[in-house]
Each structure stands twice: as C-alpha cells, then as structure tokens.
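Structures for review follow.
The following pair of complexes shares a single chain, chain A, combined with chain B in the former and chain C in the latter.
Presenting the complex of A and B:
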C-alpha cells in the first residue's frame, strides 16, 4: 500500500481576503472606488497611526450600488485592518458602519457563502 | 501574573539651539513623546504606551531623559522616538531630536550605563577640546568629581560638561 503523508501548513498564506459591506443608513451620495479606499486608509490612520495607514491594503472589487467590496491585506495586518474597520464610525460626518461578511486566506473561498444558501 | 514589567528607555535630547535646554521639562517632553506616538501609532498605540508612561529622570544640562513604559509596548515607544522633531513650551518651538542610548529593565541598569557613557563622553570631549582653557576646565571638573566619605553630593552622573 502507498504511504500516506499529510502536510499541514499553518499561517502559510501571505494575504487575507475580506468581503465587507459599508452601511450608510442615510441615503446620500455613495463613495466611488477611490473614496472607498481613502475611507479604509483613514480608518487605519485613526486607529493605528501612520504605520497602520502604510499597511498594504488593496480593494480588489467594489460595487457602488451595494457598497460591498473585497479587500486584500497582508496576513500580519489582518488584525489591524479588521479592528480599524470595526471602529470606524463616520464618513464625511455621516454615520456609517462596516460589516465584515466573509474572510479567508484564499480568494476562492469568498465566491460561495453558506450563510446565503437558500435551502 | 506575578508583576508588571517595565522598560526604561534612556535617551538624550540633541539640539542646535542652546535655548532649547531651558525648555526641557518633564511635562513638555512627555507631551511631545505622546504626541509623536499618537501620530505614528494612532489611538491604539497611544493608549498602549500610556499605561505606565512617565518621564522618570530628566537632566536639562546634559539633555538626558529616562522614560518608562510597559514591557509590552516599549517597541512602539522606541519606534516613535525618531518622530519627535521639536519641543514646544510657552509658545516657543525649538527643533531637536532624541537619541536613544539604552533600553533597560530597571532604573539601576540604566544608571550603570549612564555612568559608563558619561565617562566615555567626557574623554571624547577632552580630545575634541580646541583651546587650552577648555582643557583645563574639563580636567579640573574631572578631578573634582570623586566619591569621598564626607562629600555625599558629588556623584558620577551629575557631571557638568565644561565646554558649554
């Protein structure tokens, strides 16, 4: 019989991907992609300073209609990004909130969401 | 959890302006360092480093400063020290920078380092002397600083550099 070998890599992925949605309860002007990225960087700068604002964060996709986006961040900066998004309260003096829908070290895992399964 | 461990950061304030020396105070320096931490590390960094943050020792003549912080956040503090670019007091702003000399776990180790450092600095000042009277001045102050039985005042760390 062939020898069975299992390899487990812990913390091997270099990037983490987050699917987030920005909630703007008042029906005002929606931010475009550049303003969205500016908002994320501002959140990082408020909570983690210049070091946090320099974290390499990428907005991979952005839909202005639903205000949802997929962000990519280096794995060591996931905690900083997530905490900064959680604690952001205002966009242009309007109340807002970030909801993190999915997160995974693999981009492919964000394509399916078992929470939205219709059974 | 047995005890809270602190880290003591020994730094010196270097400035080209001689008037900066009179505005080196513990409150202004503490505010300047905290402001730099807030800029570099944000609200989280400021809160982390402020837990046990004080200016423990300050010598305006030599510009020596001893800061204390928690062991968990001393790296945040040390990385923010180069971003202190000026000291502000009474509406006056003097450009300066902080040189980190030593990071120790106790005040005693920092004092031992400071004594050693001041000794080497005095020797270097003696070498860089330009005029003969400066040389005489430094030699006199070196020879007068000694621990004897009666004089409890003179200690190794309170030496004045004779050039200024």
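Presenting the complex of A and C:
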C-alpha cells in the first residue's frame, strides 16, 4: 500500500486576491504601475489613515492598456482595502471608479470568470 | 440613460429612478414619472437568469414641516404612479411621524450633514414592525471627505439603535462613474457596522422587500379574509379544505 499523507488546512487562507479595473473615462494620461500602487495607497490613507496605508498590499500584475490589475492583500485587511477602493472618487482631480471584478482567497480562481461566459 | 447602462453591466437586477420633491420652494407639483419604457425599448436580461431587469420609479419628499405630509394623504393621481415612496425627515417630530403613521416605504437618513436629532428606540422599533426601511446613501462618500465622516457617523448611530435590521443602502448617483457594484456596496455595509449577513441583505433582500411593500401599498385598499366558522355537521368536514384555501390576506 502506497503511503500517502492527507493535509487538512483549517485556517483561512493567508492572502486574498482581487482583480480590479480602474475606469478613467477621459482620455488623459494613464497611470503606470508605480502610480497605480501610489493610488491604492492613497485610497487607503484617505479612508483608513496611516494604519490603513501601511497595510501590506502588493500589485501582482498590472496592464496599462486596460488599467486592470491583480492585488494581493493579507486576509484581515480585505474589508479595509475593498472599502477604500470603493470609496475612491478622484485620481489627479479626474473622476474615476474602481470596479472589483473578482475576489478570491486563491489566485487560481481568478483565472476564470463565470460572469463572462457566453451562454 | 448612461447610468442605467452601467447599472446593468455591473450586475444589478432592479433599479429605481428617483425624483426629489423639496417643499421649501413654493408651488411644487408632482409631475408624472418618466416611464421606463421610454428610455429603453427592451430591457436587457439579468446575468444568469432569464428575467428582465426591472426599472422602477421612486419619489422622495423632503419634509421640513408637518403640513407637507398632507400631500401623501391627498388623492393626487400622480403620486399613485410611483412605485416606491420615500420621505426625508428633517426634524425629530417628523422622523417620529414618518416612522409611526405615514404611509411610506423608505425613510431616508441624512448623510451629508450632522443629524440634528438623535435616534430614539420607540419610533425605530415601530418602523421595523410596520415594515419601513431606513435608507443610507453612499455616493456623497465618494465625492467628499467630510461627507464620508458624516455618512459613517450617522450610519453607526443608526446601527446602534436598530441593530442592523431594515437597512437599505442605495446610491444617489448622478453620473455613471459614481455607481458601485453590489458586492462593493455590501462591503461598505461592513464598514457601517453591519454583520456580513445583514450587509448583503441590505443590498438584496431588504430592497426586494421594499419593492413588495410599495406594490402592496399601491394595490391594497382593504383586506378581505374568510374565517372558518365552526360547524358541527359532519358534511362540512369535506368542505374544510376548500375554506382553508379561500382564506386570503391581501
């Protein structure tokens, strides 16, 4: 009999992953990756202050053409990050909006989007 | 119309268009609501189901004076054309009147300035019993940082009194960019102090209950119910199931 080992993880996952898209309707300059990260940190600072801005957030991928990104945040900070992104209204005095497309504790789950299925 | 298109793409299944009446100006007349079929010849289908998206009309009355409430009791034909009626009380007395006696579906809670009155438990409990929901707006929080503070502080004080029941979160969006997806709004509910369950209900279940409340308000003018009379004749036993089916409560 082959020996196998079964591992059961009872704790929730450490990180949560969010796929977001920034909507900037006017045809101005698009932020690059560093400016995007700065925007996320600014949003956190505006809503949750210095403690929020210190939340460990990583931008895993960023596409400048579509302004969409995958963010990683520690699980306890998901509510703070998500609410900060929701309430962000302006980027350099231009109106903008963050649309959170998918969120999951597993990065693999972000690869398929059931809402974009064409039935 | 752009806003509605964005709503549909973000994933809402029912949208209400608001019309605000402010009584400070003189000679306010209630105009007929814009019919949704004028805006969209055919409404798109909700993602994942086969039903069409509903577009409802809604009226908000900003009242500063008890005499303004007379409008609700008047038989103005146009008021009946709106699906949902909301009232925005500015004083404590009006809040009490709105929760206890007025025939409305929603009571709006001011988020743009410090509340001039504190919530008290008796009128809030009566409103919950009557099926009236309290409404919070989130769009001012996107525009301005002082309004953010007022929104959150007013929401938290409301939560302490009503313990998270009967809350509806809605947007007063004037531009398509001020709209946020349903899960984002449910997350904002968590910020206000709701539990996860209540926050999701604030966007989904409670809104649907408000719609149904509006429908019953429009349709019900009286209640007819049949009561089973106790008969001792044995033949009546076969008729009992039919009586039970006929017992209706409008």
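Everything that follows uses one rule, which is that the second predicted complex is superposed on the first by the 108 of 119 C-alpha atoms of A that agree within 3 Å, B and C clash if a C-alpha of one lies under 4 Å from a C-alpha of the other, contacts with A are read in each partner's own complex, and residues count from 1 in each chain.
Here is the rule we use: a contact is a pair of C-beta atoms (placed from the backbone, for glycine too) under 8 Å apart; a residue touches a chain by one contact, two chains touch by 3 or more.
Just so it is clear, the model here is predicted, and its values are computed rather than measured.
Chemist: So if we stack both complexes on chain A, do chain B and chain C clash, or do they fit?
Modeler: Verdict on chain A: chain B and chain C fit.
Chemist: Once the two structures are placed together by chain A, how many degrees is the angle at chain A between chain B and chain C, based on Cα centres and rounded to a multiple of 10?
Modeler: Placing chain A at the corner, the angle measures out to 80 degrees.
Chemist: According to the stated criteria, A:45 is in contact with first (chain B), second (chain C), both, or neither; which is it?
Modeler: Once the two structures are laid over each other on A, A:45 reaches chain B alone.
Chemist: Classify the contacts of A:83 with the two partner chains as first (chain B alone), second (chain C alone), both, or neither.
Modeler: both
Chemist: More residues of chain A are touched by which chain, chain B or chain C?
Modeler: The partner with more contacted residues on chain A is C.
Chemist: Figure out whether A:35 sits in contact with chain B (first) or chain C (second), or with both, or with neither.
Modeler: neither
Chemist: Touching A:104, do we find chain B (first), chain C (second), both, or neither?
Modeler: A:104: touches no partner chain.
Chemist: Of all C-alpha distances between chain B and chain C after superposition, which is the least, in Å?
Modeler: Checking C-alpha atoms only, chain B sits 5 Å from chain C at its nearest point.
Chemist: Please report the chain A residues shared by its interface with chain B and its interface with chain C.
Modeler: Touching chain B and chain C on chain A: residues 46-47, 83.
Chemist: In the complex of these two chains, what residues of chain A are touching chain B?
Modeler: 44-52, 83
Chemist: If we count contacts the way the header does, which residues on chain A are in touch with chain C in the complex?
Modeler: That would be residues 23, 25, 46-47, 79, 82-83, 85-89, 95-97, 99-100, 103, 115 of chain A.
Chemist: Give every residue of chain B touching chain A within the complex, in rising order.
Modeler: Against chain A, the touching part of chain B is residues 37-45, 79.
Chemist: Quick one: in the complex, what on chain C touches chain A?
Modeler: Residue positions touching the partner: 10-11, 47-48, 138, 141-143, 145, 148, 175, 177-181, 183-185, 187-188, 190-191.
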